[in-house]
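Report on one structure; see the data block that follows.
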Amino acid sequence: MAGNTFGKLYRVTTFGESHGKAVGAIIDGCPSGIELTENDIQIYLNRRRPNSSELSTPRTEKDKVEILSGVFEGKTLGTPICAMVRNEDIGTSEYGVLKNIYRPGHADYTYEKKYGIRDYRSGGRSSGRETVGRVIGGAVAAKVLKERNIIVSARGNYDLSRLSNENGDIDFENINDSIGGIVECKVKGAPAGLGEPVFDKLDAELAKACMSIGAIKGVEIGVGFDVTNMTGSENNDEMAVGEKFLSNNAGGILGGISNGNDIIIRVAVKPTPTIAKKQKTIDVNGNETEVELKGRNDVCIVDRVVVVVESMVAMTILDYYLQNLKF
Amino acid sequence: MAGNTFGKLYRVTTFGESHGKAVGAIIDGCPSGIELTENDIQIYLNRRRPNSSELSTPRTEKDKVEILSGVFEGKTLGTPICAMVRNEDIGTSEYGVLKNIYRPGHADYTYEKKYGIRDYRSGGRSSGRETVGRVIGGAVAAKVLKERNIIVSARGNYDLSRLSNENGDIDFENINDSIGGIVECKVKGAPAGLGEPVFDKLDAELAKACMSIGAIKGVEIGVGFDVTNMTGSENNDEMAVGEKFLSNNAGGILGGISNGNDIIIRVAVKPTPTIAKKQKTIDVNGNETEVELKGRNDVCIVDRVVVVVESMVAMTILDYYLQNLKF
Amino acid sequence: MAGNTFGKLYRVTTFGESHGKAVGAIIDGCPSGIELTENDIQIYLNRRRPNSSELSTPRTEKDKVEILSGVFEGKTLGTPICAMVRNEDIGTSEYGVLKNIYRPGHADYTYEKKYGIRDYRSGGRSSGRETVGRVIGGAVAAKVLKERNIIVSARGNYDLSRLSNENGDIDFENINDSIGGIVECKVKGAPAGLGEPVFDKLDAELAKACMSIGAIKGVEIGVGFDVTNMTGSENNDEMAVGEKFLSNNAGGILGGISNGNDIIIRVAVKPTPTIAKKQKTIDVNGNETEVELKGRNDVCIVDRVVVVVESMVAMTILDYYLQNLKF
Amino acid sequence: MAGNTFGKLYRVTTFGESHGKAVGAIIDGCPSGIELTENDIQIYLNRRRPNSSELSTPRTEKDKVEILSGVFEGKTLGTPICAMVRNEDIGTSEYGVLKNIYRPGHADYTYEKKYGIRDYRSGGRSSGRETVGRVIGGAVAAKVLKERNIIVSARGNYDLSRLSNENGDIDFENINDSIGGIVECKVKGAPAGLGEPVFDKLDAELAKACMSIGAIKGVEIGVGFDVTNMTGSENNDEMAVGEKFLSNNAGGILGGISNGNDIIIRVAVKPTPTIAKKQKTIDVNGNETEVELKGRNDVCIVDRVVVVVESMVAMTILDYYLQNLKF
């Protein structure tokens, strides 16, 4: 129990179920004296929202953030920053069917097994809506990092062609399946020295940070899994005058500590499990049944995951920056 | 600072430099009343040692473990178990050359940047020898898990052909480069319910556990990165009567919680950076130089990493087992 | 930084400044399936409020709690419970004078030194209003403990006679000074075995829990400081058949572990530093000045501290109960 | 479980039973580049040893410390420092009697209840010998603090007269009872700003640090319990030009944060429970029996506790110093 806090010195604790009253976070350990407005967070939250593209769910909440504490006269106090978003789109009638079945690829079954109870409305705590709290934590971290000229940015990559029909067209109205993709995140400007061997290495914590996002099934640093196809001499990053590295296969991390290069993380995003196709499953009584999750779902969530990855990485980098302050 | 402890309830803190007096660990939170002998640990340590194969370094320490506390009349007391191995092979004359240069692919440069001082003898704390402490923690965890019929086992996979000459032969005496590979780890018998959403998900912590091992550059769960080539309907594991899953693409984890299936983790091991080939680097004064690391080094450490991955996974699973005890 | 979380498995993170938008808490690690309503918390919050007695400040907020997450259909989900109280009485005009001075006995000076910024409105985060979050955490802990028949109760003790005039009367309208007192807390029904030696002993954590309350300057367990006047034979609690102790000088804790007896904690509450008497101090520019804090202040906060002590003790006992679940 | 680590950034994990092979500690998070020798620790350990005075047990181990890791060429590496002391005086024949009874005032009963097993030889982990690890941690902390001109020192206070016969003489050979006393600890040179509200206040952590020592039953800061006899105007420390406080009733801490004054902690030490007087108790089968603990025991351990209190306070202050480094 009690796994809803991330970080050691910059600590973000999130709360909220998809269809409860609100979702949000408390940020503890944010440095004091940093200028911060609700808009700084709102910009990040807007990037997380389902957008107008054909790929996203039509849940249309404004996700307006409210800061409840920790900011005074426009600056952080050094005290906990609580910020939240009220859930609006919480009509529950449509969720009755979910009460009694376990959706394939979702956490319905495991939450039931673990807690003996679950909020079945759209997955409750296991919903992607939980990431609102992460993005709040990440937006603030990014603002703080900017003061030290450290910039975290990510971008998504996916291939829609699998969803096209024989003519190569995609009929977004009638897609009944989903696809995944890759998000690559880059940190520019991080100084050498971040990371706490041997267990809290920077890459270890980045892996945890990213793998804790609902849909992520793989994480790699630098060349990552390609390292298995390289020899030591191909993979080692040689050095030159000016403490310069001649390549960046390591993704900016050596021995768990940043080396001053760009930090590179890549994650695998699974296709969202909510699909219209008929699937076999069981109900809560253990009987076999089938389920089709109609309605317009996300076809590909990669674009929405981008800001969540950025957020987790920003939180991690800031946490390690604070851990690396010198005696 | 202070990153040398792993775990929340089963906590392993390791210590030791490659050429210091000793390496070892304190295990805090081991359940009481478990039968435990030095031999239980020794068996694991022996698997970690350089073996007689042509692929390993000839460092030939016996790595004899001594338990200093926490065990009484053959059983664990519930108090901290300290166990250690004295370093024997610590002749340092040969390490003089390392004092003034940063080896490519090693942590020499980053340790210097972070701490302003480093034990240059074979990498000091950043050496693979640090894993002795991990294996101590893992051996004890595995013994405890066995009481609940949970078994962790891993195996390595690598391709030596890249090192062969035109005739397809490998001349082990004269290899001057190294290769990496894959370690796959499987947990059998873990009950559904392990994992602590939303940040301390089981897969998140497993990713951290594995990525914290020196040579690891990527981690994936279940089908991992292949998920990017699958649709939702292909990837979702359907369920059938008996709470059975019809496939295991998820690698035994849904929403960060184990689902009762085998848990599957795969990691990418980089080629050991210590190679005989000449490489460009800089010395501690910033001047360009070249380095050749002669002597018989590990050609491939994958076989030795296997027990380290098993150890980290066993520690993680036990920790989450303890976190999941019911009120 | 980042000191706003209490507990290891039952974790309470609080937020909020006295005159910010809201105060509250996230509870992470509450067992699932426990019946919980807003009223369970409200009852505790009402005990914390300034009451109608002559001893309290007339701040008259209703302190109505709202649960934002973690409870579904009347039961806890095992997910984070966020609950908060909106601040109502936040007219700030009267606080202008506090902007530029450091009140004696308050944290104005130390917050300025630590953070370089402070919310000067009634002490901001250092105000007693911060205890709303603690009481939320404590009310829920008490509800959970009741399921195991563990009851935490406290009572206050103070001597008003120091404030009386020569006739022995107290003129509450014109008191310009304040007094402190003692709160004694008792835990009934706690099983033997709670406590985690050697640093996280039960008495150690109880001491921290209580000393973290704003006005507390001393903590003792069992006979406490009186132990210095006793011999070993007087102080040792002898045992008799039925695993019964013949006395309880130890206050229910031996070697940092509960022994099944009532657990007894006593704390010293300082007189509230906000007084109408003129006092010397300095302003933010370092110049000497004087301050009189008129208006009707708390004369004695002991009665209001009682529920806060109960809350901290309940949180601690529940946390250790969870840590003591058996493998 | 898992309560053997103290601190957040300067983390000390101790191990060892009284009559096991060794006792010691791993220090994680010690700043790098600090000069450190075994002698720095030995000096502290010598102060902890039973001395030649008539008040102490004749256990005569040299307690010679060995540093196993974390120090290279006379300086700390920033990696974990493991240091230990081998137990020498571990003849166990005399401890047979303790196997089957619970000594009054000791943790024999509670360890049995908690762990279902105990090392009965002189209390095992619950013995005062466990403090060797604390003193190792404290000695190193004190060395580091000295670099910032912060000095921690304590002294003991006790009254032997209770043990004298009608002539006012004390017959040390035949004392069969014990007494306790007070240890007062002062920290000089600590800057304003140490402490992490609201739960990890400096005084809260100091209370925990001290109360975690075996024999301590009460902790107070500044005037402590005397605060209950003072009015607000008597207790408040007024301020004057130069950011000077005109008194130090607060013991150097306001709102949980150091104010630059001397920090003052006072603890109550109970009379050691090991006495020669006959006492009622039960055996492990629940039957009533009596016990006399002959042999020359400590009559008063206050003098030996002094360095342990100093150690815990030094560890706490250093930990908070590191937490207070500025972004």
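Every chain is named by a letter (A, B, C and D) in the order it is written, and numbering of its residues begins at 1.
We take it that contacts are C-beta pairs under 8 Å (C-beta built on N, C-alpha and C of every residue); 3 or more make two chains touch, one makes a residue touch a chain.
Note that the structure is a prediction, hence the values are computed from the model and not measured.
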Legend entry - Farthest chain (mean CA position) relative to chain D: A
Inset, instruction - Report which interface contains more C-beta contacts, comparing C-D against B-D. - result: C-D
Legend entry - Whole-Å separation of chain centres (CA-atom averages), chain A against chain D: 45
Legend entry - Inter-centroid spacing, chain D versus chain C (mean Cα positions, whole Å): 26
Legend entry - Mean-CA-position distance for chain D and chain B (Å): 36
Legend entry - Residues of chain C touching at least two other chains: 1-5, 8-9, 14, 31, 79, 114, 125, 197, 322-323
Legend entry - Touching residues (chain side chain B, partner chain C) in the complex: 8-9, 31, 79, 144, 197, 321-323, 325-327
Legend entry - Complex contacts: residues of chain B adjacent to chain A: 1-6, 14, 102, 104-107, 109-111, 113-114, 123, 125-126, 130, 158, 162-163, 177-182, 192-193, 195-201, 203-212, 214, 217-225, 227-228, 230-243, 246, 250-251, 253-260, 268-275, 277, 279-282, 286-288, 323-324
Legend entry - chain D-facing residues of chain B, complex: 1-5, 7-11, 13-17, 20-24, 26, 28-33, 66-70, 72, 75-82, 84, 114-119, 124-125, 322
